[in-house]
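Chains: A, B and C, in written order; residue numbering restarts at 1 for each.
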Amino acid sequence: MALLTIVILDGFVFAAVLFLSVGLTLIFGVLRILNISHGGIYALGAYLGTYLALKVLDLGLSPYLTYVMLLVGAVIIGVITGPLLERLFLRRVYGQAEAIQLLLTFSILLILDDLIKLIWGTAPLMVSTPSTLLGHVSFAGITYTWYHFLLIGISIVFGGALVWLVRGTRFGKIVVSVINDREISIAVGINVNRIYTLAFTLGALCAALGGAAVAPTIAVAPGFAVEVGVQSFAVIAIGGMGSLEGAALGALLVGLVRALAIHTFPELELVVIYVLMLIVLMVKPEGLFGEVELRRI
Amino acid sequence: MSRFQKPYTHWWLSLCSIGLVVCIIYAAVVAAQTKGAPKELKLGFVDFFSGSAAIFGVSGKNAAELLVEKWNKEGGIKGVPVKMVEVDENGGPDKQVTEYRRLVLDEKVDAIVGYTSSANCLAIAPLAEELQTLTVVHICGTRRLTEENKLKYVFRTSNHQVADSVMAARYVLAVKPELKTVAGANEDYAWGRDSWDDFKAALLQLKPDVHIVGEVWTKIQAGEYSAEISKLLSLKPEVVHSTFWGGGLVTFVKQAAARELFKNSLVILPVLEQSFQDLKNETPEGVIALPRATAGYFLYPDPQSHPLQKEFVEAYKARFGRYPDYPAYRTYQAFAGLKAAYEKAMDQAGRWPKTEEVMKAFEDLTWQTPIGPVTMRADHQAVHAGIVGLSKMSPQFGFAIMAQLKEMAVDQIMPPVGIKSTDWLKTLK
Amino acid sequence: MAARPWLLAVPIVAGLFVAAPFVAPSWILFILHLALAKFLVVLAVALFLRGGLVSFGHALFYAVGAYTAGFAAKWFGVREALLLVPLAGLFGAAVAAVIGLFMARYRGVFFAMLNLAVSMILYAILLKFYWLTGGTDGLRVQTPTLLGFVPPRDLIRMTSYYVALVVAGVMTYVVYRFLASPLGYYLKALADNEIRIEYSGESVQRVIYATYVLSGALGGLGGVLAAFTVGHIVPEYAFWTQSGEFVFVALLGGYGSVPGPLIGAIAFEFIRTYANKYAPYAWQMTLGIIMLLIILLQPGGLWAMYESVVARFSRRAEGVERA
């Protein structure tokens, strides 16, 4: 029983992957491009958030401002990289071969990775104040920090807000219509280009937020986003590419399965994620919540 | 006629005498430089300059640059200036193998100093033998380097991890004689695996009724340990042994401290001393800390009574704003040993020595460092004493230092020449 | 004049490669050797790109080939080139034969993702089962013996290089014949319109499956040759960014032809080595920018650039002035 509780709590702490995956699946749903550079935006969000938080602490201001700085850093990154990448690069490869699109985003990832090294150097950045400020709490005999629960809360709220945005608002309905049929949307008068940019920016914002939220719990160093990045691919493949609920469920599943493996068979910790992905893709190739793609003749 | 000729004669005379003087000076300078000496001694230096382990490698780089500059100011090694080519150790053993090849074939270095990661030094050792390049390993800890192969071109100038594990075992039993349960948290590669195996072997040899309740393994410099910390907390061991290092250790300490791991268990961290200045006041108190099995750190031996230590600590602090940590000391050991070997070989040969002569001079050599003497053995493994203590915040310095310091001698912590560690551990008393 | 350049170009290029160990410094030879090994895997990826499919998992076969040599050395002490090279190709093909059975049903991003998943599974296994595979420490692979003989010290690397050259040459010919065969043409047709292939009576599954097995063999061969030249292999050989690198090189060189991947592989290794030497923290960015430029300006890659230059000159030579 205690093991189960621990595993569930550890699984929930996988909020970072959740943020990342939700953004990734949104971008895929709208633009039909798998954005490999997503991990790079996540890293940028973590770096800028950490940097601003450290500046605030250096200036001697209230430590609670670090939370604000993390948010600000993430928003800046999302709002800058989103339109920039979409307009400058992605727009040119819509409709081209998949290989070209994937490679474009892969190249952007490489550039972002080195850009981070050029701006912030190669030494790791650490700001732990946000995660230790709120103190700790005991649960099932194990101590957790309140920040972990805050992360869980934020990701649930954010996920819910995103779902509401897509299903409940007019903007969301427009996005859904663009996802379903681009041509008809243009015919109806929707500015599809702008929707694309907005969707990508939203996805980038998610990634940057994920990075900034997780940064206080780790040491932010070049290359720290690689593992999480590829796990987010697994998550959206499991959940269904293009489905927000799928991304949430996928992140939860992957987190739980990984935590279970660490506590019982540590050797299988990484294997289970990809085996799960393989099984889901073989049984239901479009993912748990994905829509079947019809072959258009 | 005479009026014209006199200036001419004087002119020629002046020229000749100046020329003669110049030739004499030149000959003197050339003679002062050893006969057959190269223009410069090109040394490759390999350590972590990027990524999570960078805070570790930068110490080594600082110490190396400090020493090389000091030597070049004094004229170099017996008159030959030293030029360093720095290579980043980040990126995995296969990348390091390629970089090693590049250093030898493309940069044409005379010798290579470096290698912190056990995975990397194991990978380049065969390459050193193949390319016949003198390689001095300064920090890498796996005992397999010197025990599993007969080394010719590779030398290690500091204790290997058996010393760390044995010191940890002895000290923890001194602090907690009634110890019952132990858990391990280590990185899943040569360093973590060997250190944990040897710690277990030493501990169980000294106190057979200790129970190992569990172990967690992470990737090198994983950076995220929540699930592992949960598992450690649920195992509730009296003692936790962990050989995390560098950026990974700093993150682990912060995450674990926030979740009260240090309150519930006595934690042994053999590489903690290096992280003191990065953790500042976040270092938990009462952790068994070592600068690995190094004979001292910036406060021991006391700089006030040891001139070499005083000189190094003050120069390092003045230049880099930090006190030297154990990677800095081990880098000093490596470079000082290499220099001593070159000088001894030169004295023996009477001219600039060949690589094989330097290698021969290196064996059975003893040289001085700020923290004491280091002796190289015939099996190319150097030995020296080691210190261990408990972490304690120092208001004077703003970071933790070692309290209740204990120094252990070489024969207590390192297996003798020719005896395998696994066998030696079985005879531990 | 159109047919002639071929007959002249092939012996010249082959001659250059054969003469390399005698004229090139050892460091350059090392880069060439590695490029030859990786060229095979890039060729495998290029085959799929021709068919309109992206594989982000060919590092799987690369790792299978490399670890064939690694395990042979670790568990059996075998380092014979004439045994290990065909064995690696065989294992690569065998793994592809098993995986291809279900992989052939997928297209587009799902094809890419599934490939990625399988290669990451191998990565996870190689990484985690430390006592079996050496984990992140990796395994040492010695330079191979030839027919049981250990070549003399100064000839060791040259022998290894020639083994790689022979294998690369043979496989280039095999791929060339494959592309000239009906299966090869159907592969090209796959990128255009899959339905028409089925209407014309050929099974698309068969085409993809056959290509998959061939590419698996190529990957395995590339892996074992790379293992022989680098001398140390790690689980990252199966990581997805390694696959990404292969796709990158395929596009860099141009996947529409057989020489394209070779040029791409050589260019990539040189760029990477020298960018790494002079700007160790900006080499990824250098590669990324080069890639972006190629994608945006000349998606046909270096080979297409070369062809357009040649075409310009041959038009001039024929005296035709095109407006």
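Just so we're on the same page, a residue touches a chain if its C-beta (ideal position, glycine included) is under 8 Å from a C-beta of that chain, and two chains touch if they have at least 3 such contacts.
On a predicted model such as this, the values are computed, not experimentally measured, just so you know.
By number of C-beta pairs in contact, the leading pair of chains is A-C. Seen from the C-alpha centroid of subunit C, the farthest chain centroid is that of B.
We define each chain's centre as the mean of its Cα atoms; on that basis subunit B and subunit C are separated by 40 Å. Centroids built from CA atoms put subunit C at 32 Å from subunit A.
Residues of subunit A in contact with at least two other chains: 117, 122, 266.
For subunit B, the set of residues touching two or more other chains reads 50, 217.
Residues of subunit C found to touch two or more other chains are 127-128, 281.
Subunit B makes touch with subunit C in their complex at residues 50, 88, 92-94, 97-98, 101-102, 105-106, 118-119, 122-123, 126-127, 188-190, 193, 217, 219-220.
Subunit A makes touch with subunit C in their complex at residues 28, 34, 36, 89, 92-93, 96-100, 102-104, 106-111, 113-115, 117-118, 122, 226, 230, 233-234, 237, 241, 266-271, 273-275, 277-278, 281-282, 285-286, 297. Listing the residues of subunit C that touch subunit B in their complex gives 25-27, 30, 127-128, 130, 135-138, 140, 142, 230-234, 236-237, 273, 277, 280-281.
The residues of subunit C lying in touch with subunit A in their complex are 49, 52, 54, 56, 102, 105-106, 108-110, 112-114, 116-118, 120-121, 123-125, 127-129, 191, 195, 240-241, 244, 247-248, 251, 281-285, 287-289, 291-292, 295-296, 299.
Listing the residues of subunit A that touch subunit B in their complex gives 2-3, 6, 9-10, 13, 117, 122-124, 126, 128, 131-132, 136, 141-145, 148, 217-219, 221-224, 258-259, 262-263, 266.
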